[in-house]
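Right after this note come the structures.
The following pair of complexes shares a single chain, subunit A, combined with subunit B in the former and subunit C in the latter.
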Partner chain A sequence: MAPRLTRRTLVQGALGAAGSSLVPWRAYAQGKRGGVLMVAADTEPAHWNGAILASNGVFFVSSKVLEPLADQAFGGNGIKPVLATSWTPAADGRSITFQLRSGVKWHDGKDFSSADVAFSAMEIWKKLQNFGRVLFKDLEAVETPNATTAIFRFAKPIPSQLIVNALPAVSTVVPKHLYENTDATQAAHPQNQKPVGTGPYTFAEHKRGEFVRLERNPSYWASGQPLVDRILYRRMADKGAIAAAHESGDILLSCFSAVSTPDAIRLGKVKGLQVSTKGYEGILYTATIEINHRRKELADARVRRAIRHAIDPKFMLETVFNGFGAIATGPIPASGAPFYTTDVPQYAFDTARAEALLDEAGYKKGADGMRFALKLLPAPFFEQTRLTGDYLRQALRRIGIDAQIEGNDAPGHIRKVYTEHAFDLAVAALVYRNDPAISTTVLYRSGTPAGVPFANQYGYADPEMDKLIDQAASEVNDAERTKLYVAFQKKVMNDLPIIPLIDFPFLSVVSDKVVNHHNTPRWPCASWADVSLA
Partner chain B sequence: MNQRSFRERFSTNNGALAGLTILSLVVLAALAAPLLFPGDPLDIVGRPLTEPFEDWRFPLGTDRLGRDMLAGLVHGARASLFVGLVAAGGAILIGILVGAVAGYFGGWIDEALMRLTETFQTVPGFILALALVAVMGPGVVSVAIAIALVSWTGPARITRAEFLSLKQREFVSASRVLGQGHGHIIFREILPNALAPIIVLGSVIVAAAILIESALSYLGLSDPNRATWGQMIAGGRAVFRSAWYVSAIPGFAILLTVLAVSLVGEGLTDAANPRTGRR
Partner chain C sequence: MSASPDRDARAAGFFAGRAAVLLRRRLAQALPVILLVLVGNFLLLKLAPGDVIDAYVAAAGGGDRAFVAQLRAEYGLDQPVIVQLGLYLWKAVRLDLGQSVLLGQPVLSLILERLPNTLMLMMSSIGFAFGLGVLLGVAAARRAGRPEDTAIITLGLIVYATPGFWLGLMLIVIFSVRLAWLPLSGIETIASSLTGWERVLDIARHLVLPTASLALVYVAIYMRLMRAGMLEVFGLDFIRTARAKGLSDDRIAYRHVLPNAILPMVTMLGLQFGTLLGGSVVIESVFSIPGIGRLAYEAVVGRDLNLLLGIVFMSALLVIAVNLIVDLLYAHLDPRIESA
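Moving on, here comes the complex of A and B:
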């Protein structure tokens, strides 16, 4: 039997092959003060409110300004306190008490207090946020006995492990006094365009299409931090230009594979630059085909299985991903212990089988060799999703599905797929965040209102699936919970409501001048309070 | 006699002949594309990033996904030439109509049409084309329409100038005396005599249209389901430093084609005007 191919062995193999300069990051205890951190930003979201849209593209900038209750960390139990200093779940699973940091001030000088946490939880996370809507749906109230205590009360028992695992992504706290009685969902809301937070950097200026400027927050709660005077995100849409800017030293850092993988492998050999996949352990992506079940052809599981049979993930991994990644066996990546299982239906690359399934479903080839046409929308955020779209079109045409690619800009793509449902197939890169109940089950649970991105906007509604998801979300016993998620993975791979293809980490390119970087499992979305420049 | 000497003047112009040869090859390749490379040129057929001349199944190599560069190039010629010809044809048609009416009738009609023409001339052509394609949705036809809509002003002005001078001539007065209608005089009497400089300008528009099409498809504003040269360049941009040929080959194709069209256009100009031809 061949050794099991995990993401880690594969990435290590690929990195090893890519060159000796892809070595572990150097870590320094404390850096010197001052300097401007120039960062390449290859996308530009419609707003910067990470509390509403928990997405890495938003966090990349907003997490320096707005902070969560806790963030991910290497070592320990994987979670380190930020705005909360400790948390205690009740034995019955129906409440969790957070002790909040005292002496924290918003950038406008007002005091941060438990009222802000209660407002964020009840009005923003629970009502508006892509993950929070599901995660906090049973949140009844947040009690604030004093300014530094917030007690979350749930209608049903909720696994405390889940809440804690979720904190880094879902618990971005926004100022109550600036959002109260306003429509926070408006992208044009002044706070969404120029957020006021508690973070190490203040949001100074944003010129759309040009740059975002963050300035050092001199009254940050952690003494001695931040170390850098200014972070300047330069909007650079062209990957080649970003690679060149790295070589010329115009930018010191780019994240989320802002340079193409072939260029990254080349840059890794350039003196003074480092390339790695470290710092993305907590935000692995899965290249996934999203499917609109409102199309009658795609509502048929046989057609969806045929699509999966038509795809050669091995080829995709080698070409589109240049070997950085692993073939997805299901909705949870291999690193998703203890939930991950390989005991799920698998689909071989077999075009004959795919064609047989389509014939069986009643979609015979027409005179032109095509069975039916589909509109395919590859997400424009990542090179990997765009190239996957190109590959997918050809793979589908081979089995007689005439896939027509439609290109959109980032806001247009999100609107068309997640609000207007004006797609048949889409290619997305969906994040796995620590716990299936945070990032993954929202893709399969029915009942999400239109407009919530990266959630089930696929018209897929299966009562059995919903029941499984709901049970697991309120199961307090860890072993029982794991069992339910194993059943969930089996059902996903049997029904294929959407199709996971490749689990992949992103690449960062960083100059040797940057000190203390990639030191948390979701570093591009961390606060960067400890970063300094040599 | 005039016809003969025109051909003679053209055929003794080496540049024009070279241009014509290259252009003929490109046209031939475009016409024969479905025979040379049947099937979808976007199909993944080989190992990704095969270098040119490395594997004779793909003489010009393959791109990042393993698509045959030569097939893409030949099929891309269809898109480029289609857009070039349709856009130039459309631009000339609009230009002739506007210019002829303005020049022939004069007066307030002339004023109105020329102000309209100036309005279009003051807006940067490429930006307007970009906006038009963004509104109409990416596609070969919408690109052709957009380019036609931004390049008709040149033919309109030339047609108007020709009409202004020709309408004073005796043969026009003669047909007027004979009781011919405006339509007949414009299209049967004056236009044939005004056509030569307009056709020459047409070749310039073809060259410009091919360039605009490439730029638009480079920016992703063309049909992503068809092979175009601009798109091939854009696709190779990410690997430019490690596999330069993916961008360079279609870039060279654009260069050659535009150069050929321009050479032919220059040859036509020189041939149509013996005085400049003798330079």
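Moving on, here comes the complex of A and C:
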């Protein structure tokens, strides 16, 4: 087919010509300089301060502007230095010394130093951040003997493994000189709306509801980076429209499953486009059945095991998840090295076994073939959780459990499951955040007050489980700590307080024009300093 | 000669007087309407499970108890519902619409930023629907019963039965993806430095597809109304008289039938304005237009009470104003109608 001459190709040609006359097309080892990366953004948070609100939606944009001390990487121990160049934990587990990168400048020209790190840790992460408030609760002080050294001192021993694993999500550094003596919690704070950072791109413009524009930071600390001149995030609310924009070439990239799975499969076959599930290894979701132990039937482990036996995860993976994902063997996904183990109790798809277990527990079938009825609340956040709910209803019917589906929107679901406990079963997508102590044990530890979402609101309390979790939380020896988490996984799969089913990644759709993409385990939240356009 | 301007002035004065009466009466009626709309929406959103903090925490992926409680206290959500309502109304009286919790900006500025886009979309849709509806309706009525009439009616039925969002996506696939004639989303080319007429043209091009998606359903309605109205008037005695006088068909259709058949259309116009605000939610999402329809949707799913009530308040004002204009127009078009 002859190349079509359209408005778009004309404009691109003109832009290309203008670009080539202004910018010398130097070819670096990583790729070519220049170009505009057009990205679809399907959400738009209230502000762009990833140091306060550590969420994927914020990081998607803010991680190009504001940088953490370290980020996730493929290979090695999974963590690569960013603003910190190295970290050394003390033997007693009560301090960690960070060496910081020198010669780094904020976008306003001021020098980055250990004072910024100390301020961010003490005033922002510890006091305001959604994860930091828990993780850094024992952080007593951050000492700054010189401009490139920051020593974190803790009131009691804390596993350095945990802190290091958490760095990518919790250690976004903000400029002290722009936040000091201001109310950083205000979404309208000028720095939250137009952040000044150290990252490869500067925050240029945000028109709410329309777009965010980032520009290349010419004085970025990594020489030769970034390669792209501009990143434009287009706010697009409709999944169908995003798919169409991929086909027309109006956008080159969409992340976090911004198009529906069937559309993504179709787009993957379009010439010039590809679908990626790589780059989400560090932010995998696990489709999980949450169980309310306040129901006497569900407090019985035999009933919970029967539910697991009634489910065919292979079928789920193929139909509900279109093959994108993997069958979960336990509470930690296979990418969760070094903690992950397969040495846990497994449950085959076996409805006869399920029925036998229910009979044994004393729940015989009634005249209508049903043993008891349950209220099932699938989380509305993902199409996968909604569809899992539909599947679950059918699977449970087969063993005589009548699960009635109740649909809610996001705030309604959060309120009913995590505050009011007005559910019997719920389907959740729970994220694994690189260390069991950040995202996972909170689902099993008893004593969480009502109203805290994505935590143990299940009425499940097991002293042995609590002891395991608490020991691991204060174990400073890496190998010992890993061993405790192996024991933890075994206990979870034996007791099944909640039931992990499928580990699934998000989907990205990306144009072949984009070079060096999806090359870290949480790539949509990475800095994109090495991305270029062909 | 001297009497004529006098009479005109008297007529104008009479009309202005009637308009003033109408205006006063309508404003008096508007107050309870706005109050009802605000209280109703406030209670509806309060009845929905979960609040804005639940939505915020869901988006953040979690938060501890003290944090959640602190947020609730900060926005006064820990107070009794009746107190919250009272506080809101007291502020609304002083035209203080408050802050959007989810977006952290003053509600008024958020609305004013987006209102022009929605108004632009609505005006172009109403204009397109009204214009094309009249043309097709007149054409169908003048050829009633003939194949052209059947074709127009069938087409109208098909368009009427097509959901706007689907039509929008199909238009995008055809005109933006396949043919690449028109831009597929947004209200203007983003991050461009266009000014003056270039910018106007750019916005106009962006408006073509959303306008068509939003308006086509109404084209069908206007067309049916116009056709029925025309046929009714065609059967009246004064038309037979006009025919007997030997007037041409065109003259009868355009000078005598059309003006008399257009009144129900004006009624529809006022009604359509209200429903278009609802239709724009879907179309603004499909075409990524930053308008108040989408803002309202985001406010509901985020339980952002201040934002939603602000939008409802502004929309109510807008609809009341438009209906007032329609009534005035009515009185002007047909002086027999009392502006009651």
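Methods note: the second predicted complex is superposed on the first by the 301 of 534 C-alpha atoms of A that agree within 3 Å, B and C clash if a C-alpha of one lies under 4 Å from a C-alpha of the other, contacts with A are read in each partner's own complex, and residues count from 1 in each chain.
Criterion: contacts are C-beta pairs under 8 Å (C-beta built on N, C-alpha and C of every residue); 3 or more make two chains touch, one makes a residue touch a chain.
These figures come from a predicted structure and were not determined experimentally.
Chemist: Quick check for you: in the superposed arrangement, does A:A237 touch first (subunit B), second (subunit C), both or neither?
Modeler: second
Chemist: Would you sort A:V320 into first (subunit B), second (subunit C), both or neither based on which partner it touches?
Modeler: First partner only.
Chemist: Quick one: is A:H47 in contact with subunit B, with subunit C, with both, or with neither? Answer first, second, both or neither.
Modeler: In the superposition, A:H47 contacts subunit C only.
Chemist: Between subunit B (first) and subunit C (second), which, if any, makes contact with A:G407: first, second, both or neither?
Modeler: In the superposed model, A:G407 contacts subunit B only, not subunit C.
Chemist: Taking the superposition on A as described, I'd like to know which of subunit B and subunit C A:R397 touches: first, second, both or neither.
Modeler: first
Chemist: Now for A:S55: first (subunit B), second (subunit C), both, or neither, which partner does it touch?
Modeler: A:S55: touches subunit C, not subunit B.
Chemist: According to the stated criteria, A:V452 is in contact with first (subunit B), second (subunit C), both, or neither; which is it?
Modeler: Touch partner of A:V452: subunit C, not subunit B.
Chemist: As a test of reading the superposition: which chain, subunit B or subunit C, is in touch with more residues of subunit A?
Modeler: Partner with more touched residues of subunit A: C.
Chemist: For A:H517 in the superposed arrangement: first (subunit B), second (subunit C), both or neither?
Modeler: Neither partner.
Chemist: For subunit A, which residues belong to both interfaces, subunit B and subunit C?
Modeler: Overlap of subunit B and subunit C footprints on subunit A: residues 238, 240.
Chemist: Quick check: in the complex, which residue numbers of subunit C touch subunit A?
Modeler: That would be residues 48-52, 54-55, 57-69, 102-105, 110, 113-114, 165, 169, 172-173, 176-177, 180-181, 183-187, 190-191, 284-288, 290, 294-295, 301-303 of subunit C.
Chemist: Which stretch or stretches of subunit A touch subunit C in the complex?
Modeler: On the subunit A side, the touching residues are 4, 6-8, 43, 45-47, 53-57, 130-131, 133-134, 186-188, 192, 205, 207-211, 213, 232, 234-238, 240-241, 244-245, 247-248, 250, 381, 408-416, 419, 431, 449, 451-455.
Chemist: In the complex, go through subunit B and note every residue touching subunit A.
Modeler: 40, 42-44, 48, 64-66, 138, 220, 224-225, 237-243
Chemist: Using the touch rule from the top, collect the residues of subunit A that touch subunit B in their complex.
Modeler: Per the touch definition, subunit A meets subunit B at residues 238-240, 243, 260, 262-263, 265-266, 315, 318-320, 383, 387, 390-391, 393-394, 397-398, 404-407.
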